[in-house]
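Here chain A shows up in two complexes: once beside chain B, once beside chain C.
After this line comes the complex of A and B, so read on.
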């Protein structure tokens, strides 16, 4: 391996790491607020990429009826949840959120989808379709289990993942798709050439990290989420609804997932089941970050990307083995270092 | 009393009717979902095109999905053999599932026609594989064609990027001795996974070895990624692919980066370009027309043809078996097995098959053509090119 190849591998690793970082950030966000390990995060990536690809092909993607169905199911779940305190205002709010919003998005998609929308419009529609799914999934699958143990929540997350993967196969078929890049530019940098697309990816990842930091540090809503993460009961006593906190964190996760999908789709072919592997590598990064720290998770994600890229060059047959083995020393080190804690369950 | 007579005669009529319409039951287990869904979907789409009647007997096709999963495939064939009492089984789509099914087929003495690729399914011939037949071309037939083309094109060294699974293993095992025999050097062997999002590392390694040509051994759209990455990095040699990519989605995802790629394929892929004298042309075109009339133009994938070919073999063998035994009996299944083994010069969408006790695929070079990709379409290459 000479220096040029090493540089190329590092570049490849950082670009892939940026996507893993986005996944890791949303996993950490969702876990700290709701204690759910969001296995279906990868599906948001695949749905984002394939929804955009469907718009590029001039068709209305299957995620649009899915959004309507999830909205209706979430509406029912929310009404049941709030059955003891139903009044006209609350019903109106639930209906607006779960029926009118997806209805409006679907109407737009049906109006614009067949006419091959521009790339920017397609991306906007894709984000509008996938983002609310997070909140609806929370209402349907996780809100009723709010008080359950982490393990039960994990099992529910696996269930949601399997359901979404199956739906993905129905909507998008078994073969993959690609989308055109956000930018065709190639910038020469010494022996390397940096594509505009990879700059977009790294730039947007950094922007999201900064935005998350600002959101949690500067806004009341963000502080409310942080409060829920630190102490659920205390937050509730202060008037912060756990339902709101869960919905919000799931929506942010779905938004980040869909955005990752939009970013990665021009670089590689995305299949209905690609999300799981991307999600798993994001999860490795999140674990290295202790499922708590955003900067540590982001840094670990870039490390995972680089390990993967170098492993692909050195021993391609064992690439995944090497990537997933990297988690073992980290876990050993973490458990040796951590104070013994009483199990929270 | 009168009523009793009526009832008795009605029952008698029903029994007689039931016996006359005793259908031939064929079980089909296909990987409609899971990692092999891109093979399984066109295959299960082909089932409605299969004959509903053979030799005056109705045929019932019972289709199950095995989700590309070995355990599920074995459960399916057990259910088909013991509950549905099928006379033959078609499937599964992939080698690992089919390999596991052989055991059950032999135990229940049900003839099985696999539509998976590996030659391990029918060789070496033994007591169990007696019951197994195969329609998809052996990798060895295709590997021979690739090496032949490489020799004619003057390729001296080859880089290999293959799936990190049975498909990649199989191709590497077929290619290595054949390349050796022709004095072509295999300078790099790299592996990747179907769902990988980047193969930059593998591509750089292959390029560092400076081969004259690269062979990508993958199936469906995932096989486009290494080629796109190599193109992006400026690799200017020849590109070979395997017959696993022969579907329209590969062209869609590959776009202009896969222009000029050379690959072996079943004749079904370029049926309309075959010469009029080729007997496969008509069968393949008929299947193409029927398939595209049902599912839309441009939807055909050659994988579906393997499933359809299994029905062609059965349709040729069933009349022979019907002469000696009744459907639904062990004797009929044995007779059907013997009849399939005795088939001669059966023309189907992927060539012409002549079975023998030692050869349960029965294909020759009429089952393969070399094609290239030109202006986003498959183009037949002349055999001497």
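After this line comes the complex of A and C, so read on.
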């Protein structure tokens, strides 16, 4: 391996690492707020990529009817959840959130989808379709388990992952898709050339990190999420409901997942089940960060990306093995130096 | 007088063990009501049940509305607030952020919630510490922050669980003064205390719990003179308030 190849691999690793960083940040967010290890995060990535690909092909993506169905199910779950405090205002709010919003998004998708929308419009529609799914999945699958242990929530997350993968196969079929890059530009940088697409990926990742920082640091809603992560009972006593906190954090995760899908779709062919592997690598990074630290998770994600690209060059058959093996020394190190891991809060 | 808050026949069970048995109590606006009792009498369990932290049987009415089946955050929205024994502050967040989150239920209409300035006027120490993390505060400052955070939510009924626990006598006096001042603002207070002497000085009315049930109730003055109360609670506490106790 000479220096040029190493540079190339590093560049590749950082670009992939940016995607893993986005995934890892979502996982940390969702885990600290809801104690759910969000295995289905990868499905948001795949849904984002495949939804955009369907728009590019001039069709209405299968995620649109899925969004309507999830919204209706979430509406039922939310009504049951709030049954002791139902008044007109609350019913209206639930209906707006779970029925009217997905209805409006679906109407737009049906109106604009067949006419092959521009790339920017397709991306906007994709994000609008996938983001609310996070909140709906929380209402359907996780809100009723609010008092359950981390392990039970994990099993539920695996269940949601399997269900979404199956639905992905139904709606998108077994064929993979790719989308055009956000930018065709190629910028020379010494012996290398940097593609516009990778600049977009790194730039948007940094933008998301800044946006998350501003959300937690500057807005009351962001602080409410952080408060829920710090002290669940204290947050409830301030009127910060776990349902609201869960829906919000799941929506942010779904948004980031869909955006990651949009970013990664031009680089690699995405199948209905590709998300899982991407999500798992983000998970490795999140674990290295202890599922608690955002900066550590983001840094670890870049490291995972670099390990992956170097491994792919040196021993491509063992690429995934090497990436996932990297977690073992980290776990040993963490368990050796950390206080006993707090399983429950 | 109209009853702002009323609990009837409240029972809380941990499995088969009933920690609170058929307790009924009422709090009127602008009044301080205390619940006394020894360790393990069921006082904390009762408060947690009234707030919805623990499931309970029985009726809980607030301002004519039945709260018994509502979750904690709905009770907060109705105007109830609980300062638990462990305070439950946001330890890794700043004092100021803790306070701002106290007014979370007024998000979008912050002028209706409490103001930081008012809290800093009430507890000047918090103003000095406003950028500090809540977890770095002393015990007395934590209790002040817990009270200020609760007041930011403009509760109509404030429930305090052992606010004097682990505090130096001077700080206990300050906490009790603040509780008494709430009366003037029309806030109803339900005060659970082991420090019966301090609690009866500030309260208008009191209930005495033993073994999960209310065994005695009456105006504070009557309770202070009651032979059983003096022997069981005031007597014990007289020995208990020796200097070694204060932690501050």
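Here, the second predicted complex is superposed on the first by the 341 of 345 C-alpha atoms of A that agree within 3 Å, B and C clash if a C-alpha of one lies under 4 Å from a C-alpha of the other, contacts with A are read in each partner's own complex, and residues count from 1 in each chain.
We take it that a contact is a pair of C-beta atoms (placed from the backbone, for glycine too) under 8 Å apart; a residue touches a chain by one contact, two chains touch by 3 or more.
What you are looking at is a predicted structure, and each value in this text was computed from that prediction instead of being measured.
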Practice task
State whether A:8 touches chain B only (first), chain C only (second), both chains, or neither.
Solution key: first
Fill in the blank from the handout: In this superposition, the partner of chain A with more touched residues, chain B or chain C, is B
Exercise for the section: Look at A:78 in the shared chain and tell me whether it touches chain B only, chain C only, both, or neither; answer first, second, both or neither. Expected result: neither
Practice task
Name the contact category of A:98: first (chain B only), second (chain C only), both, or neither.
Solution key: neither
Practice task
Look at A:43 in the shared chain and tell me whether it touches chain B only, chain C only, both, or neither; answer first, second, both or neither.
Solution key: neither
Handout entry: Which superposed partner A:16 touches (first chain B, second chain C, both, neither)
Key = first
Practice task
Pick one for A:316: touches chain B only (first), chain C only (second), both, or neither.
Solution key: first
Exercise for the section: Examine A:264 and indicate which partner it touches, taking first as chain B and second as chain C; both and neither are also allowed. Expected result: first
Completion exercise
The shared contact residues of chain A with chain B and chain C are none
Exercise for the section: Would you mind writing out the residues of chain A in touch with chain B in their complex? Expected result: 5, 8-9, 12, 15-16, 19, 166, 169, 173-178, 264, 267-269, 271, 273-274, 276-278, 308-314, 316-317, 319-320
Problem - Contact set on chain A toward chain C in their complex - result: 84-85, 220-221, 223-224, 226-227, 230-231, 233-241
Fill in the blank from the handout: Touching chain A in the complex, chain B uses residues 33, 35, 37-38, 40-41, 164, 190-202, 204-205, 208, 220-222, 224-225, 247, 249, 252-253
Handout entry: chain A-touching residues of chain C, taken from the complex the two chains share
Key = 51, 53, 69-74, 76-77, 81-82, 84, 88-93, 97, 100-102, 104-105, 107, 149-150, 153
